[in-house]
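Each chain carries a letter (A, B, C and D) given by its place in the written order, and its residues are counted from 1.
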Amino acid sequence: MTLIDKMTGVYPIAPTPFLPDGSIDWASAERLFAFYREIGSDGLTVLGMMGEAPKLEPRESLDLLKCALRHMGDKPVIVGVSAPGFAAMRSLAREAIEQGAAAVMIAPPNTLRTDDQIATYYAQSVEAIGADVPFVIQDYPLVTNVQMTAGVIRRIVTENPSCVMLKAEDWPGLEKITTLRKWQAEGSLRALSIMVANGGLFLDFEMARGADGSNTGYAFPEMLIDVVRLSKVGQRDKAHDLFDAHLPLLRYEQQPGVGLAVRKYVMMKRGILASDAQRKPGSVLGAIARGEVDYLLERLAKTDPRAKV
Amino acid sequence: MTLIDKMTGVYPIAPTPFLPDGSIDWASAERLFAFYREIGSDGLTVLGMMGEAPKLEPRESLDLLKCALRHMGDKPVIVGVSAPGFAAMRSLAREAIEQGAAAVMIAPPNTLRTDDQIATYYAQSVEAIGADVPFVIQDYPLVTNVQMTAGVIRRIVTENPSCVMLKAEDWPGLEKITTLRKWQAEGSLRALSIMVANGGLFLDFEMARGADGSNTGYAFPEMLIDVVRLSKVGQRDKAHDLFDAHLPLLRYEQQPGVGLAVRKYVMMKRGILASDAQRKPGSVLGAIARGEVDYLLERLAKTDPRAKV
Amino acid sequence: MTLIDKMTGVYPIAPTPFLPDGSIDWASAERLFAFYREIGSDGLTVLGMMGEAPKLEPRESLDLLKCALRHMGDKPVIVGVSAPGFAAMRSLAREAIEQGAAAVMIAPPNTLRTDDQIATYYAQSVEAIGADVPFVIQDYPLVTNVQMTAGVIRRIVTENPSCVMLKAEDWPGLEKITTLRKWQAEGSLRALSIMVANGGLFLDFEMARGADGSNTGYAFPEMLIDVVRLSKVGQRDKAHDLFDAHLPLLRYEQQPGVGLAVRKYVMMKRGILASDAQRKPGSVLGAIARGEVDYLLERLAKTDPRAKV
Amino acid sequence: MTLIDKMTGVYPIAPTPFLPDGSIDWASAERLFAFYREIGSDGLTVLGMMGEAPKLEPRESLDLLKCALRHMGDKPVIVGVSAPGFAAMRSLAREAIEQGAAAVMIAPPNTLRTDDQIATYYAQSVEAIGADVPFVIQDYPLVTNVQMTAGVIRRIVTENPSCVMLKAEDWPGLEKITTLRKWQAEGSLRALSIMVANGGLFLDFEMARGADGSNTGYAFPEMLIDVVRLSKVGQRDKAHDLFDAHLPLLRYEQQPGVGLAVRKYVMMKRGILASDAQRKPGSVLGAIARGEVDYLLERLAKTDPRAKV
């Protein structure tokens, strides 16, 4: 549980590379994790929502984790273990920690409604995976359809000492970060890492609100790293300048449903992935959309040369 | 706010009678309210969910209320004022109280999710209608899609002194009644009338759980009155015998969506309503369904002669 | 795919027996499946919603299926394979069929909204499990929150030749059965078994509407068998008499969430299960509720001696 | 029904100005509508979702419409008439048309799920308001929670000749526009105006996809007008340059729930509104958020001098 000191900076959410035939593209996986390490990621998350986790066999999930761990070395790797049943959640969580994962991430099932239901679900999850397994709360109502107030998050954190981080991706979410940090300052909430996500759409302001860093996907994680770094050293204008240059593409990539297709397409153009294929069922980027992304990349490249692909 | 002493017994939920051309059938309305009074109803609710309230013009709503008030005399009449906007809610609530209504009933809009949202909504409603207007919480998640825990109900009741009653129609709902009554016994919840509903589906057990009475519709409100009375005098078996005889029909009438068509059809057969018409858009009972209801009535009539129609 | 001729009569939905420590109670499982066979069940479904399937490890699921197959002999066994990912669904479906299961049952995930999404989901499921695996559509909006019109069901049946049955548990659902049967009479829908469920709440009328039988749980499956049999030989009044006697208890057992606790409690009292335990997380029947069920059993026993426990 | 030829360009969605005491700020309303006319708006929509329509009394709604009509002269004014009941919808629609409104806009209630339910709802709406009243479909699933496929939209348009426009604000929505335009090219869908919205978040690409213009709110409607104009004359890069400069602020304003507070705050800083007050219940912009908006305005002003406030 000492992990909490390390949960800062940028932890990209890794996609799972597939070949057009639907099998895992291990060569791209190796390249992808090496890439994340090289650009200076502080950690990594695999098997998240954008990792197509429910389409993987249990063995594939573990192999992907091992591949990530090999490349990330001493950098923490978080593993998504959200599952419809606690049996599957426990099984993956225990194996992941045994392999060397730093923490697991749990999103609430979309049937939860009341505050009590949400808090109870996390208590039961902890009972299932074991109180010795550090875990991350994923607060992403746009996708999970579960609305957690700041108060519910505080309750979960307080009731479960193994909670080490909040993946904050509510939308809007700025005031929630401010509220949680205020409670910590007042002493009514213990220390907790807050990493922001939701595709990075408000990263430019979230750092000043008190985020420890970013835990999201975007085809240019280098930008996330730069913005987090610039924010931390007080270079506000520079951080916004870079962020704003990427915003048109980032916004395009952040569309629900098709976002992963955009991300994989750009990462393929960047030479990181061999293919932008998704395992079935997946979305495909049409010709017009690809043209739109190409155009956005061209425009971005004028400011950020890394976008020249 | 002295109303609370009176909120006991059976308050039927009144349908709104229409002619086949969609206009209000005032002759049936007079007959209907006279019927409710004659059978010994302790009060009445108009403009509830089953009263087709959103299809009425403001003037029609008020005229229907006045008609009910004339017949019910000193018996309390509750008025449903749920509305998408507080302007409409306030306007109807103030006029209703002025006309002599005893209280208003407010159901939460189906967009509410967290405990805070629900409690805030009721606080805002009270601000809109005025803290001097007694109100009823309608807890009907099957229809509203809003899940209120016992804790949230306690919070609403505690924060709003003008709350005089809970219309309890959660499903399952027996334990919630028990919890609220336990809190009252312990002193952590103030006095509050609890009237049960959900079509009466669990009335046989709800009285023993602590309900003050029933506030629901059913084509034979006399049965509700008898079961409540028998329960109060400790005639448990007799109460169940009568309830069980009605259960096959009651269950048929309690189907979502088509229930009102069943109720109006039976009340038409009983000679209370001239027509089973609903104002558009409404559901219609097909020939097979009418035959099924006729058969259920025949069977019921063997035990309860009031079902001979 | 010749299964369709056999899908008639009563296929109980089996609960999964657990010991108080959370492990599977294999002795009770043997007794349970022997019981289903002895009372004359025409088939069986395991790993359905009420079978606590998501709490089982893959190996446990298969072992439970094998146990059921051993007892049911030549009677068809259907296996619930609903899963959040197609990998898990495929894996269980293929293994189940290999072991001797007659068909698999698929409920739609609660994220589906439009007609196209629903039809596409079933097409993708068939692609995942293989077009040679007979499957059952589970239409249970009260739980899945997915609303399938009769038209969507026809589309799924037409597009997927391996669809052999509809588990019809919409509520209200009588008109949907009538519509589907009318379409079959007109020739716009191919032959398809329709087995009704939703706890049996409308079994008394569903048979006359055209159901082939019942595919639901209830602590007295013998009643379902009797009602189906009596309905088929035209003994309408007798079928209703028996059904009505059970309705107070059946209604109590059909409550969302707590229903399984009621069912297991009664089956424990009947000596079929050694314990009414659910694997965590599960609901527990309080003392008052147990007393209510006991009272309902006493009353039922006056009419149906099988309820003397 | 000749309106369709005119539905092109930019129709801002007007907020309703309030004074801090909650009364309508008529002086600001006059200034606001004059502003929309002066900057070259091609039309206007009042009483939309962002117009706080459900908080207005019927008389206030009509007065606001009249005020807008006076200023817009021969420019079409669309009126939101979404309501929970057809009585209220009809009443407002008929009065609005009588006063000179060009069309009414109808959003589906959030209870609709299946394709049939959605199509039926629009048919019933047309029956309620009259087939002679031109209407606009509002397709905004992020807020309404109703998912309309392109096929359902085609069905509504085909079944209801009085449908004159689609307010397209699905997210993602680019492919839907392309599909509808393709169907029109193929002749399977009649002529229909498509105006895009969702805060303008994809306006830069929507015009090329086939949109006729924009029908949304944003504190700088001049930008929407410029981007639509530049797109129409083929100045793609220039359109994107201007759009991209506004995107950081536009994204900030497009946050669910707090968006209107941002919009009103900016319009107050621009001198268009006297106050950024919302009628209760409304959201308020905190001090940190106001600082963030101020900073975004400063940055924008470097590119677009209209943002100097």
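Criterion: contacts are C-beta pairs under 8 Å (C-beta built on N, C-alpha and C of every residue); 3 or more make two chains touch, one makes a residue touch a chain.
Just so we're clear, the structure is a prediction, and the values are computed from it rather than from any experiment.
Chains that touch both chain B and chain C: A, D.
Within the contact network of the assembly, the step distance from chain C to chain D comes to 1. To overlay chain A on chain C by their CA atoms, one rotates by 180 degrees, a value rounded to a multiple of 5. Taking each chain's centre as the mean of its CA atoms, A is the chain most distant from chain B.
Note: centroid distance chain B to chain D, computed from Cα atoms, is 39 Å. For the pair chain A and chain B, the distance between C-alpha centroids works out to 48 Å.
Centre-to-centre, using mean CA coordinates, chain A is 34 Å away from chain D.
The set of chain C residues touching two or more other chains is empty. The touch graph of the protein chains shown is complete.
Looking at the complex, you find that chain A touches chain C at residues 53-57, 83-88, 91, 110-111, 120, 124, 127-128, 280-281.
Taken in their complex, chain D has these residues touching chain C: 113-117, 147-149, 151-152. In the complex of the two chains, the chain A residues touching chain D come out as 171-172, 174-175, 178, 201, 204-205, 209, 240, 243-244, 247-248, 251, 255-258, 286, 288-289, 292, 299.
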